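Every chain is named by a letter (A, B, C, D and E) in the order it is written, and numbering of its residues begins at 1.
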Amino acid sequence: MSVLADSGPRPAREGVGGRLSDLLWRRPGVLLALLLVPPLLWLGVVYLGSLFALLLQSFFSIDEFSGVIDRTPTLKTYGELLRPANLDIIWRTVLMAAAVTVASVAVAFPIAYYAARHARGRWKALFYLGVMLPLWSSYLVKVYAWKLILAKEGIVGWGFDSLGLGRVLEAFLAVPGIGGNSLSVSPTGTFIVFVYVWLPFMILPIQAALERVPDSLVEASGDLGATPGQTFRHVIWPLALPGVVAGSIFTFSLTLGDYIIPQIIGTSARFIGLAVYQYQGTAGNVPLAAAFAVVPIVIMGSYLAVAKRLGAFDAL
Amino acid sequence: MTAAVSFRGVSRHFGTVKAVDGVDLDIAEGEFFAMLGPSGSGKTTCLRLIAGFETPTAGRIELFGEDVSGRPPYRRAVNTVFQDYALFPHLNVLDNVAYGLMIAGVPKAERRRRAEEALSMMALPGYGGRKPSELSGGQRQRVALARALVNRPRVLLLDEPLGALDLKLREQMQDELKTLQRKVGITFVFVTHDQGEALSMADRVAVFNEGRIQQVGSPEEVYARPRTRFVADFVGGSNVLHPGVAALFGGRPAWASLRPEALRLGPPEGARITGVVTAARYLGAATRLVVDLGAGAPPDGRSDVAVLVPGGHPVPAPGTRVGLAWDAEALHPMATE
Amino acid sequence: MTAAVSFRGVSRHFGTVKAVDGVDLDIAEGEFFAMLGPSGSGKTTCLRLIAGFETPTAGRIELFGEDVSGRPPYRRAVNTVFQDYALFPHLNVLDNVAYGLMIAGVPKAERRRRAEEALSMMALPGYGGRKPSELSGGQRQRVALARALVNRPRVLLLDEPLGALDLKLREQMQDELKTLQRKVGITFVFVTHDQGEALSMADRVAVFNEGRIQQVGSPEEVYARPRTRFVADFVGGSNVLHPGVAALFGGRPAWASLRPEALRLGPPEGARITGVVTAARYLGAATRLVVDLGAGAPPDGRSDVAVLVPGGHPVPAPGTRVGLAWDAEALHPMATE
Amino acid sequence: MRPDRAPWWLKAMAGGGLLFLHLPILLIFVYAFSSEAKTFVWPPPGFTLQWFGRAWARPDIWEALSLSLRVALIATLVALVLGTLCAAAVARTRFFGREAVSLLVVLPIALPGIITGISLRSAFSLADIPFSFWTIVLGHATFCIVVVYNNAVARFRRVSGNLIEASMDLGATYGQTLRHVILPNIATALLAGGMLAFALSFDEVIVTTFTAGQQATLPIWMLEELVRPRERPVTNVVAMVVVLVTLLPILGAYYLTRGTETVAGSGK
Amino acid sequence: QMTEVGDGEGAVSIVAWPGYIERGETDPAYDWVTGFEQATGCMVDVKTANTSDEMVALMNEGGFDLVTASGDASLRLVAGQRVQAIDTDLIPSWSKVDDRLKDAPWHTVDGVHYGVPYQWGPNVLMYRTDVFPEAPTSWNVVFEEQTLSDGQSNKGRVQAYDGPIYIADAAQYLMAHKPELGITSPYELNEDQYKAALDLLRAQRELVGRYWHDAMIQVDDVQNEGVVASSSWPFQVNLLKADGAPVASTIPEEGATGWADTLMMAADAEHPNCAYRFMEHSLSSNLQSDLSVWFGSVPAVPAACSDGSGQQTQEGCDANGFQDFDRIRFWTTPTADCSQGEGACVPYYRWVSDYIGVIGGR
């Protein structure tokens, strides 16, 4: 066989490339360093450094009259954070984030379930893009659309009125705590928009988790005598849980930090994001804003730790 | 006695694909029944029809004499061991095994006891606390078995349960399964595409091809007296002789099978048939030679036969001309197709 | 003649895991050499040490007499066929095969010619334009071979190249590989955990266990004269007899191996050893019986032996008492361990 | 066999959910053609195309658009480089702290954007860095790294280590392997990741608010207009165009990675 | 401090209330920037701020040359050394400034001027004329629940300003309705007075659907959210009227809080020459006149009402409150030391967090 007849020696690979390559082969650590140093400089130094700088600022205080920041370390700002009005904000935000998360799961699950376990071929693609497109389309546009929908003179009102159900809406809006003059100035309105805007973040991880559940597990459950309902409770839900947790990282985190939605739709009551934004931007009280910012960091930090243990991390 | 499983003209078509096509079949109670066939021949679909994961497009399936049309899987006294075991990854071994009992509402203490009993029977005592991911393939297989058997099904379905195991473990599990079936005495329906597995384990074997059953019979029948070329070819090992070659060997001019171990080597002088050794494959216990019969063979048939030389006998080197001897009754003529 | 590959006290430890542990080995030029062993025994690591993907933590590796320490893979006259073939998915078959030539700076026209020649040799002419994803497993395997061989390596390393293929294709590729190696005449180092494959293909076999070599020898040596119980067990089939049992069979009181096909059944009357058949496994060409020797066996050894009954001979039913006969020289005493 | 077995109520909930996701966006499209400029009267009293012309003639829109495009482009390039390097390190090697690195990459999106924004802002102010085009880019690149990283890591896992070893086995140095094997194999994943990063940057408002000085990206412009409208239907027109423009890279990324085990865009 | 105004630096950046710096984009008839830019080559860059706090924050952050600070921000800026003293001699039109404003305490500290007066005006009560056929005479329409002429309650249909300074509006209301509290200035409240004001605001929270933070959003809310009455600026009233909305404004009998704004120059202004030029421009051009029409405010230069430099007329000035200077309680920053004694009053920082609490329902 002519091609294989003689075994020639390899051509020597000289030059800078060859020598660099030899070095990397002999010292894999150098290769790793080359790969890691730039991103670590960026994320580890710039980003983490900034987070640290923020943390530092929360130990500064502000001169209440002139608004000038006093850079001597103090816990005064944290004392301020614990004032009832601010605790209200934290509590209100966490409650909203939790409610939004629960509602997102409820709305997302059927969509994710159908897309993962029933849709095939074209329908699957349709569902996938059907979730992706709203996920990626402009956040502001979506919020804005809801302003139009929820306004007193907007579509929801129009819809209820033209169906002759105006009274129902009014009765709902009269409920204290969740109602208001119109949906757009009620906590319910804020809640609906949050759910809407973060919904795709919940659908996709649940769908991914459900897709990893082999059909055979569902069949095995039926084979062992479980009705479809029992199969859902004992097999599908537990296996979808990591996806749910991954999704809730987003819904929770995004709700904790958002300041645009409560500003445009809601009762003017502050949420953490809005408080951070206003203390920092409007009031120039950077130390208090920083202290407020520590709240979501702590909440999300613990959340991530739990999520990691539940194996939800790969689903991010 | 009513059959445990009986198919009457059962078909399952998927669009134009005839996965199962007019199958008639009776599996007796207590039988170890194997379904053997190449990939895509409809074995799994048959099993899924019995379990209730599929509904026939035509025909009728009975379990113990009762028509089970329209009965969902969770209302059939049948359990399945899945090819990938389908163990619930979020439950530990004990909860996996107890799953069916939990669903059936058996009280916690009792189902624990029974699940542990099933695990001991499978030689897995003390493994209850592990997660399936912490088990080896063979252990998983045994958990899947325990999970199915603890429900005391009347029929156990097994879809290539040994396919994922490596050779050693596979042989060991074959023995265990066989022993187990004797012990529990219920009907096992076993799907495989490995003819060795089917032959060594089953009481009866059904050979599938393209959604139809080609032959049903004992392993010896299927191996030694294949009804069709397909069966002879697939069950394997055998030389399938072209009618012309069969005639050379003294048979009727029809397709025939002749087992390699039935051929004996001798000196070429005076032999009825001679040939040249073209390849040798050392198998340890024996060596399998390929002997080319040369000019004597008809143009459209294979002109070589395999000969098995038992270990300890001398093995001629490739290129050697040898003579062949055999007993007339070893030649088995079969239905043409 | 200098060895193609030679290991002198080579170890590769990963933390506390001794993947390869003090291995000495010489592989001659032109040899078809198999590395056989259970999962995790260090076969792949050995291969990767030869190729240069790993560096030894101790010892010295030579290729054709030259120390290759510190020489990266791209400076070794060695090529590898990976278990999953590792074909470049973005290149078509021709460019895959020509890759090494392109890297070596061979002009376009020539590398095209040589790649096509290599493809023809692998019975894949005209497949050059396809993407690897458009090929079957066997075809991919041949492309991977062509891609390695076109570089005229002096040693070809193959890591379980047939592991991913199904049984039929696997046997066919075994024959092809064997033929190919004869044709090109270069050294093949072949990793497998399938003892049948090692026995039927290799000139010499090294049996690995826990990072060490247990025995190196021809397939016949390894099969018929295992040096250790591990080898006897792993290479398989053989009865490994406890020293007490070996004595019963007339040997020295040392661990011994006795091949099942060397045992012959007879009537229990007058037999030197009798036993009861406890299990039978129909293999088609033969039936493998398990015979329990009963009381005669020592308490700490297995008291049963396997006996292979060739096809055509009568097979006693389980429960039957049988006598055993054998030739004295079939009993092979071995190193204790 | 499954699709026909979904119960009607599941189909209804899934379909209803999809509609719920899309109707509000379509609504904006309708309003872009509304002849009523001041209020949100529904249904719109008339239809007109005039707002497209008005939008076209507004220089502030063009400025914002151009800034957004430039920021997204540079941020994407930075994210491509850093995300790929990080993915290569995490996917191809095992090292102490590997987990920490993957956590670090995820952090900028797992923490609320306002945290990223405000901490960068305070870092800028501590370091006396004036706001500029580059401060916006810096903020965007930080949270864009993760989408590139996610795509690249998934692909690196698929491009088995074997391919790299095979290349070196066939005589290629690291450099040659990078050029002939690694880059061609991760190219589509990088392209997809880059498109997603682009879309993410193009849409970002919260981080931008904190890292931009006086310059307005398109989302900032929109926020301003939503709150303080000059010609509301012009905002609707821009909103519609922005949605359509962002969708292109998303569709692109989807088609580039379709059929692989991790389809791009599933994590924003 | 500068001694003469040199060549412009080509740019000037200004923090301003919305509607204060117009270049004809919203309405081509209102443009007092383009001409300035052409004449001086100083390109004007505007950052709007919705509250005084926001203004202070922006100035603290730096990067701006000028700010249109209200009285509740100006002294904070001076105290924080964010703005610099100006030399009125370098501003030829200084002489034209309203005498009532020339030495006003919100920009004059120890006789030193920190800026030139810009505009002033009242925080009016805006109402929908279809719901109030007669102008309301009291702020009680936004403070106390009542049935309006259309038979429905005012609940959910009124707004209040989303800035802590609004506490002064409540205090002013109490001045008239709870004289026993003894409030003398709505910006100087002792603990009891302060608490009464907060209680009033808490009751108001029940009536207010959403607080108004941004002038434009308030315009929107009147058009789309059914708001019928609110404290407001003449600016919104004018915009709504221009759109044909049935609204009008009034100063109820309790009086009105108001603002008097000063154009102040940042301590570290990058473009001081352009800044001086703009200060001069603000007093000498059509700005005072047109702005007072546009925003509904009163010029700092009385002549602008009648000299034809812009579109304002004396009647217009009078309608905007030219004669009401003494009735308006201008925004000033509440401090602890007040006319009731040192440390007797509740300082501003408590106004800030308590008002957030009130809005949050506490």
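Just so it is clear, a residue touches a chain if its C-beta (ideal position, glycine included) is under 8 Å from a C-beta of that chain, and two chains touch if they have at least 3 such contacts.
Just so we're on the same page, UniProt names per chain: A = Spermidine Putrescine ABC transporter permease component PotB; B, C = Putrescine transport ATP-binding protein PotA; D = Spermidine Putrescine ABC transporter permease component potC.
Keep in mind it's a predicted model, so treat the numbers as computed, not measured.
> What are the chains that subunit D and subunit E both touch?
Common neighbours, subunit D/subunit E: A.
> Smallest number of touch links from subunit A to reach subunit C?
Between subunit A and subunit C, the shortest chain-hopping route counts 1.
> Counting C-beta pairs in contact, which two chains come out on top?
Per chain pair, the contact count peaks at A-D.
> Let me spell it out: compute each chain's centre from its C-alpha atoms, then which one is farthest from subunit B's centre?
Ranked by distance of C-alpha centres from subunit B, the top chain is E.
> Compute the rotation angle for the C-alpha superposition of subunit B onto subunit C, expressed as a multiple of 5 degrees.
Fitting subunit B to subunit C on C-alpha atoms yields 175 degrees.
> Between subunit A and subunit B, what distance separates the C-alpha centroids? Give it in angstrom.
Whole-Å distance between the two chain centres: 52.
> Which integer distance in Å separates the CA centroid of subunit B from that of subunit D?
Each chain's C-alpha centroid was found; their separation is 54 Å.
> Per the centroid of Cα atoms for each chain, what is the distance between subunit A and subunit E, given in Å?
About 39 Å, centre to centre.
> Which integer distance in Å separates the CA centroid of subunit B from that of subunit E?
Distance between chain centres: 91 Å.
> Going by the contact rule already set, what residues in subunit E reach two or more other chains?
If we look for residues of subunit E contacting two or more partner chains, we find 61, 223-224.
> Going by the contact rule already set, what residues in subunit B reach two or more other chains?
none
> Mind pulling the subunit D residues that touch 2 or more other chains?
Where subunit D meets two or more other chains at a single residue, that happens at 39-40, 125, 171, 173, 176, 227.
> Which subunit A residues qualify as touching subunit C in the complex?
Its residues touching subunit C are 1-13, 21-22, 25-26.
> Mind listing the subunit D positions that touch subunit E in their complex?
38-40, 125, 130-131, 213-214, 227-230
> Can you name the residues of subunit C that touch subunit D in the complex?
Interface residues on subunit C, with respect to subunit D: 51-53, 72-74, 78-80, 82, 84, 86-91, 99-100, 102-104, 147-148, 151.
> Which part of subunit A faces subunit E closely enough to touch in the complex?
Touching subunit E from subunit A are residues 63-69, 80, 83-86, 88-89, 92, 151-154, 180-182, 184-185, 263, 266-270, 275, 280-285.
> State the interface residues of subunit A toward subunit B in the complex, per the touch definition above.
214, 216-217, 219-227, 230, 234-235, 238-239
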